[in-house]
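What follows is a group of structures, each given as structure tokens.
What follows is chain A paired twice: with chain B in the first complex and chain C in the second.
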Partner chain A sequence: MPSYLETTVDKFIFKVATDRHYSPAGVWALAEGDRIRIGMTDFLQQLNGDVAFAEVRPEGTVLGTGDEVALIETIKTNVGVPSPVGGTVAEVNPAMELSPEAINQDPYGAGWLALIDARDWPTDRDALLDAQAYFELMTGQAAEEAKKR
Partner chain B sequence: MIVPCSGIGKTYGTVSREAAYEVTEDRRPGATGLVALSLLVLGDADARAAVRAHPAVTIDGCKLACAAKMVQESGGHVAQGFAVLDVYRRNRQLKPQGIAELNEGGQQLAHAVAEEIATVVDELVSCEEAPDRA
Partner chain C sequence: MTEPYDLAVLGGGSAGYVAALRGAQLGARAVLIERARVGGTCLNIGCIPTKALTTSTELLRRARRAHEFGLAISTAAPDLPALMEYKQGAVDALVGGVEHLLSKAGVTLLRGTGHLASPTTLQVQRDTGAAISVSAHQLILAPGSITARPPIPGLDLPGVISSTEALDISDVPARLVVVGGGAIGLEFACIYEALGSRVTILEMLPTLLPGATDEGLAQRLALLLRRRGMRIVTGAQVDEIVSSGSGLAATYRDTKGARSRIEGDRILAALGRWPNTEGLGLAEVGVKLNGRAIDVDEHLATSVPNVWAIGDAVGGMMLAHKAMVDGRVAAENACGGRRTVDYRSVPKVIFTRPEVASVGLTETQARQQGADLKVAQFPFSANPRARLLGEMDGLVKLVCEAESGVVLGVHLMGPHATDLIAEGALAVQLGATADDLAWTTHAHPTLPEALLEAALGFRNATLHFQTR
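Then we have the complex of A and B:
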């Protein structure tokens, strides 16, 4: 179980798992041996609301860093999820087919999107944020969103 | 009693209310009544009495499930809870859009929700008429 950085903005609580890296767009990347597990952050899923459907690019898809790896349809909008790592989709979370609400219920665990065979993880990792840096960025983004309400 | 989401300004809330109107006014007008969620939130005595006296069918527009929670907090019994999102997942071609005025997909989704609720209402009425089968 990862530990979390946590902040409350307005009435919302946002968590950031400390054991992984993040893109500014709100996508996490967790190295597991040669593969990188990716998913949406707690902030990104709360920002966009309940997930209706999640379409993840199929196994074997070759992605460049920043390419869209998934399209998430929520009750509010459609969200294109940019991959924080380049490589090949090795596995898609089977839960996305029948219970995509896992993204809302457990964004850092059961709600993962895909496993990627990374092409150059060290380079991609260096371009990502660590948990503390993302936490600070996300806190600012959450405050901006709160002003809009 | 039919208790829909009160998510004013939300597409899925509008779908839930349209479905509730369809059930109570068109599909099963004699067997159902409508309780405004806002009255339960305000603690209105008549609304609370209504959900305590009759099984409630709730229609929620999001995972907060305010309708179901308020029925329970008001001392009522949720006989069946519906989530608009679940019905949409079973009818993906009916993508709802709009708020004050639903698009065609939203209207059709409201019909689909209403149809499922009408079936549940029929089952509840059947059980009330034949309590031994309940």
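Then we have the complex of A and C:
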């Protein structure tokens, strides 16, 4: 179980897992040996609402850093998820087909999207934010969103 | 031998009775020959009785969800004898209605089994035993279709049923295996699922509803059915049905050739329909066939002068509403007109839950024709009426020409999709653009607003769904 940084913005609680890296777009990346597990952050999933369908690019898809790795259809919007890491899709979370609500229920755990065979993880990682930096960025984004409501 | 009729129609199904009615409207002295009940497959063993069952099972599902709508309905359960009575009552009333219309129009209804004796004569074996000869200046052939019986060993085992037998429900099988993931198979899958069966669907092709809707929608429907607990196997070629313990088992090969088997208490063979063209004397009088189907031109003329053919017997889309269009076209042409069939706006409707309906070209078909496309979509989850109904699964998909916005295809999955497709059919028939739809005011709060919102999407101007 990772530990979390937490903030409350306008009665919503947002968590950031401390054991991984983040893209500014709200996608996390967690190195597991040569493979990188990716998923949506708690903020990104709460921003977009209940997930109805999650279409992840199939195994074997070759992605550049920032290419769309998944299309998430929620009851409010369609979200293209950019991959924080370049490489080849090695595994898609099988839960995405029949129970994609896992993204809402457990964004840092059971709601992972895919495992990527990274082409150059050190370079991608250096371009990502650490948990503390993402936490600060996200807190600002959450405050902006709160103003719109 | 009586005085020749102006028009004789063989077969009193959707195609044939409409042809007889239209012929009579145009002043023809018309006779309609039918061996069973008027209304054919659709009215007696097809569209109408299945929709009676879908109507009841939908009501059952909704009654079970009553608490979501602030209602207390403590028990909701099927009453099978009463359900059969309701279904048969609806069928009988509609058959009676058609008979009444024919009688009022002055059409002679002749009960018996007919076949062609010459290009102007039908030999009719009456139910009473006597055979009579009916001659007419114009003949319209509307013999319909029969349940397809591909050569799969075991199809005749007890417990293996056709769609006709699946309509008569005296008990609900615990496990139902549906062979064939087309419209008929899926509608029964949803009916039996609601009644309590655990349903497995085996489809030979890679997606459900092959040829009946947009592939994307078919995949989405499969996902929704699986989430409800149905088991769906695509790419499954069933090669045998055998007895297994107290039930049955279907064995099949997957796309890689590996064999599997699936057990069921009943197996529904929903393998499509074939044109009913055997034993009608077609070849003998020179009516050309195209495979099993009667070969017709764009005026529905056969290879024999003054002999026309319509409905399921000519192959293609085996749909009652298409057959009725055929009936009108052939009757007008038999009465001296020169009308061409126009199938551009024939909708395909599937009464699953959620419903699916399509008209015009699918995205794949349009791309294959080389069209430069823009596809606009809108989900029912963002439609207020769908939310009130508690039916938010589904979407509207418009396939438009990129430059002009002309609507080439409309594909719907969701609440009342089979009703909503009428707007899509009109759009396709008129060559309407996405802008035409978007600037047609749609009443609020209604389901058709989803079509307006999708049309707005053509110009990236969807209002009630975030598009970033």
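List of remarks:
One rule holds for everything that comes next: the second predicted complex is superposed on the first by the 149 of 149 C-alpha atoms of A that agree within 3 Å, B and C clash if a C-alpha of one lies under 4 Å from a C-alpha of the other, contacts with A are read in each partner's own complex, and residues count from 1 in each chain.
Here is the rule we use: a contact is a pair of C-beta atoms (placed from the backbone, for glycine too) under 8 Å apart; a residue touches a chain by one contact, two chains touch by 3 or more.
Just so it is clear, the structure is predicted and the values come from calculations on it, not from any experiment.
Looking at the shared chain after the overlay, A:Glu97 reaches chain C, while chain B stays out of its contact range. In the superposition on chain A, A:Phe53 makes contact with both chain B and chain C. With both structures placed on the common chain, the touch criterion links A:Ala143 to neither chain B nor chain C.
In the overlay built on the shared chain, the residue A:Thr77 is in contact with chain C alone; chain B does not reach it. In the superposed model, A:Ala127 makes contact with neither chain B nor chain C.
Judged by the touch definition given at the top, the superposed model places A:Val62 against neither chain B nor chain C. In the superposed three-chain model, the partner touching more residues of chain A is C, compared with the other of chain B and chain C. In the overlay built on the shared chain, the residue A:Ile13 is in contact with neither chain B nor chain C. Chain A residues 52-53, 75 lie at the interface with chain B in one structure and with chain C in the other. Residues 49-50, 52-53, 75, 101, 104 of chain A are the ones that touch chain B when the two sit in their complex.
The touching residues of chain B, when paired with chain A in their complex, are 10-12, 61-63, 85, 88-89, 92. If you check the complex, the residues on chain C that touch chain A are 220, 223, 226-227, 379, 381-382, 392-393, 465-468. Note for the complex: chain A touches chain C at residues 52-53, 73, 75-79, 97-99.
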